[in-house]
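Just dropping this structure here.
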Amino acid sequence: MDYAKAGLRREEFEAIRSALKREPTDCELLVMGVMWSEHCCYKSSKPLLRLFPTSGDSVVQGPGENAGVVAIGDGWGAAFKVESHNHPSAVSPYQGAATGVGGIIRDILAMGARPTASMDGLCFGDAQEPKTRRLARGIVAGIGGYGNAVGVPTVGGKTLYDKAYNDNPLVNAFSLGIVRLDRMASASTARPGQKVLLLGAATGRDGIAGAAFASAELGDDAKASRPQVQIGDPFEEKLLIEACLELHEAGLIVSMQDMGAAGITSSSSEIAAKSGVAIDLDLDAVPLREGDMEAWEILLSESQERMLLIVLPEKVDAVLSQATRWGLECAVIGDVREGDEWTARKDGTIVAALPATLIGEGCPELAWPAREPDDLESRWDFGPEEMDLPCDWAAETKALLASSDLTGKNWIHESYDSMVRLATVEGPGGPVSVIRVRENGRLLSMAMETDPRKTFLDPYRGGAETVARAIRALAVSGATPLGLTDCLNYPSPEKADQFWELAESVRGMADCCRELACPVVSGNVSLYNETSRHRILPTPLVVAVGLIDDPSELLRWGRWAKGDRLFLVGTVASSLSGSEYQQHRLGVLRGRPLAISFEMEQEFVDKARSTAHLQLARSGRPIAGGGLAVALAKETHQSGTGALVHMAVPTRPDVLLFGEGGPRALYAVPAQKLEAFRKNWASFPLTEIGIVGGEALHIRGLCSLTLAEISQSLGR
Amino acid sequence: MKVAVIAFPGSNCDDDVVQAVSDVLGCSVTKVWHRNRLDTEPDLIILPGGFSYGDYLRSGAMAARSPIMDDVRREVRRGRLVLGICNGFQVLTESGLLPGALLTNRHPGFLCRPCTVRVERTDSPFTGTFREGQVVNFPIAHNEGRYYLPPSDLEKLEKDGRVLFRYCNDRGETGDDFNPNGALNHIAGILSEEGNVLGLMPHPERSSDILLGCDDGILFWKSIQTWVERR
Amino acid sequence: MAVYRAFVTITLKKGVLDSQGKAVASSLHDMGYGKLEEVRVGRYVELALEAASHDEALTMTESICDDLLVNDLIEERRIEVVTGP
Amino acid sequence: MAVYRAFVTITLKKGVLDSQGKAVASSLHDMGYGKLEEVRVGRYVELALEAASHDEALTMTESICDDLLVNDLIEERRIEVVTGP
């Protein structure tokens, strides 16, 4: 077989040949082709991922396992990760999104954690396109269809629309689970003499070589990618979750591994490599859905709802009988031996024999050339004076509120079960999602953010701003950041300017993570999100997870009460570059986003946290998309009361109302806390901007919006 | 008081119900796997929400045919209380323990949100501590919640006063705008003829802890406890 | 004993509002299918079963429908049985 | 213009996991139907549409399937068209 047919480059093929000191078999070539695809081995992004800080006081498990783990107190940990399912969702929206949810849940499960909360990050094409509506409906239905049935609440997410995603919608699935730190599962605990078991669904032909497929640009005729779609069965997954947790709790398994991309091959070779052992697989023992499958098909099948277990020989019977109790198939499919080889046998003959470390870690890294885009300076060429001031501020604000990125997401999150498991303290629709950890009485605050427009305009600043946004949101809610997971969604890295954007934005993210002490503990990379017509904007998405020790230290939002004073903390003059307002009003993407000041960010984080902990405010909301105006409108709407806003306008009113960027928040402070609140924020930019009360949001000199008008614009 | 929660494969509110009931009432709540039999003598049996058997074919259909439902029938005949929440309600109609059927929502698609319902009577085992006409918030989360019964049977159900909860707005008014799924007569929960079986689409267990937003469900659990202890 | 194949089509009874059918119809209208008058959505089940005769296969299918596949209160069925796997 | 009725049966392609069928089969087995060999669950859609001819009705149904009803990646369809409402 030709190595190129297996998806390998010449130098990769040579690397395999020289490691083996012989010609690889066809089966081995196919296996290596998938395992050395971008999706599985990160060959283009590995050098960049090294920029991320990955350790910190709370980090128990950094990148390298199925999910990262941070300590959350009293011997408990939170395992979390975000993963992309972009390409499958583009081809088959329902199934692609559903299996994305299923896959990330199994990653959490593989850490021995009970999956407790999910979130989804969605980027759709132009909202006016019928194709976008169809894709969006299918994707949302798939996420709900799977997540609801497995009983893991979807507690929040992020959705944005931009024509850049017309051909490549993005589906990033995040999940978090709770684990006792002394009971964490790991891929590095297998020892010679133990057995390899396969638990869950029978293996079929679905999704074969899906990983390779996720690493290539989508062909213009997506239907041609037919056989690579995976089908999910949330019912089976629910049983699998319960069975695995029970087996793990009972001490019946040594190690477990989810089967995602490249199925049996990746899960077993990963365990072999990480544990420093050899694994022999007997493919004849694998329960099949179709009898006539070839060895490589069995090895690479991405049939869903399967887990690989490593079990002590004397515990095998107990595991098999537990599996039967749950109605799940389970079979012994191999042995753990001394050595470092990974072998697969079928019909008595060896079809593949490769060094385990070669499979997972041997792929030569690719160093794509990076070059600053020629048009970078012209991207920055924008001044607010290019925009006329609106003559009707009320109409302008209402139109912005009604724009698809900011509102109208109820149809999405109401189709998700956000409350199952009785842990959801703050569900979808707020700046952060908050769950209660019943095991130790604390709260976890989670913020998902992405800002592709600013990242496109200035990748470094945009990357940093994305991370900062998530951390600011945590801080305003009262949480201390513990760690962060990221999904890097980009077009092809093989074009120098696109690789530069990737590299610069990762640098911005990494710097921000380091400066604000929020280490990266897990993540995922999805490249080649482009077709001949469109390429996506550089879209790094992050979820930051923070801890609130006591529920009384949570500061909520949308809780204004009459007489509260309103404060804007942070600068009054942020920027319209890459803002929702600019997009909405001019439909252009130009200008240079604000530079980030890490000292100021850190000061903001500290002061926001003490505001929450000392209960100095009644309501607090970070200012993000849509700027101050949108923050005011959302607070008005949720609080069910208006306000009189009167402030000096030292800059253009549109910059004041709609500008974005930098550490900023809107607080409502009750009279008896005014002094303490001011003292807390001394030395930080602080502006008193109004007082709560009345039936309208009245911004003196500019506009007045009734509660009804606001609700209507927000589409609820 | 002894409570048993039956878990079918695919149930996913079983742990929630166990947690809410034991937190609120401090009583012993046991989870019973569907393959085991119901041999203790619980005062209350709960069929929890979720997606039993994946909700494949028709929601609740396969769970309704599992052997443990014979035990549930036996306990119903003996006058024990049985509560089916959401998917549990669907199991009860499918098994014939309650009349009617729960059809795909008027606007097809899963719907999860806070929801106000009106307590129609307070002389049932499940509602003794409410005020008549009281409006409570029990969240909903379902795709098949549209209660249906042929017209003549529906009339009889109403005449017998077996509608216990009705969807309404926060002032207690009923109307199509406040009916999330198109249920006939805005029905959210009904009683069996003997009054000891309740099927309820909304989730009182999701409304049993103020930290999670609402605790109207506490009154519901207390009603049951009071009734059981009085007997 | 021979193998038979039974095809069961299950639809909502007339008089029971078919919300899925209505939703599909309205989607199709939005997509420009103006000449569509009605859509009804149902279920289709295919069974392979062993029986001594065509009649036995039919009886068995009827009873499977009664016992599980069909809810008589709201649904009606149509059964077709053919010989062969 | 006349009214036609189209009956569409949609099933999963061979080789695609039929989780519904699996669950139904195992329930039926538990209920004592031992002679059941296979169950496959699909969807059934009935359309009433206006068309100039039988052929046009068929073409329209095909295109409705392509556009909305059927996911070609995993499903296959069978269409039957008859005259009359």
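Letters A, B, C and D mark the chains in the order given here, with residues in each chain numbered from 1 onward.
By our rule, a contact is a pair of C-beta atoms (placed from the backbone, for glycine too) under 8 Å apart; a residue touches a chain by one contact, two chains touch by 3 or more.
Being a predicted model, the structure only gives us computed values, none of them experimental.
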Neighbouring chains shared between subunit B and subunit C, ordered by label: D
More contacts between chains, A-D or A-B: A-B
Mean-CA-position distance for subunit D and subunit A (Å): 37
Geometric centre distance via CA averages, subunit D-subunit C, whole Å: 9
Distance from the mean Cα position of subunit C to that of subunit A, given in whole angstrom: 41
Subunit D: positions in contact with at least two other chains: 19, 23-24, 27, 31, 41
Subunit B residues counted as touching two or more neighbouring chains: 53-54, 56-57, 62, 65
Set of subunit A residues in contact with two or more other chains: 233, 235, 327
Chain-to-chain touches, reported pairwise for every pair that qualifies: A-B, A-D, B-C, B-D, C-D
Subunit B - residues contacting subunit D, complex: 53-54, 56-57, 62, 65-67
For the subunit B and subunit A complex, residues of the former touching the latter: 9-10, 12-13, 15-16, 19-20, 35, 49-51, 53-56, 109-113, 139, 141, 203, 205-206, 208-209, 211-213
Touching residues on subunit D, where the partner in the complex is subunit B: 19-20, 23-24, 27, 30-31, 41
Parts of subunit A lying in touch with subunit D, wherever the complex brings them together: 91-92, 94-95, 201, 204-206, 223, 226, 229, 231, 233, 235-236, 289-290, 303-304, 327
Complex interface listing, subunit A residues touching subunit B: 141, 144-145, 148-151, 233-235, 238-239, 325-327, 414-425, 436, 438, 551
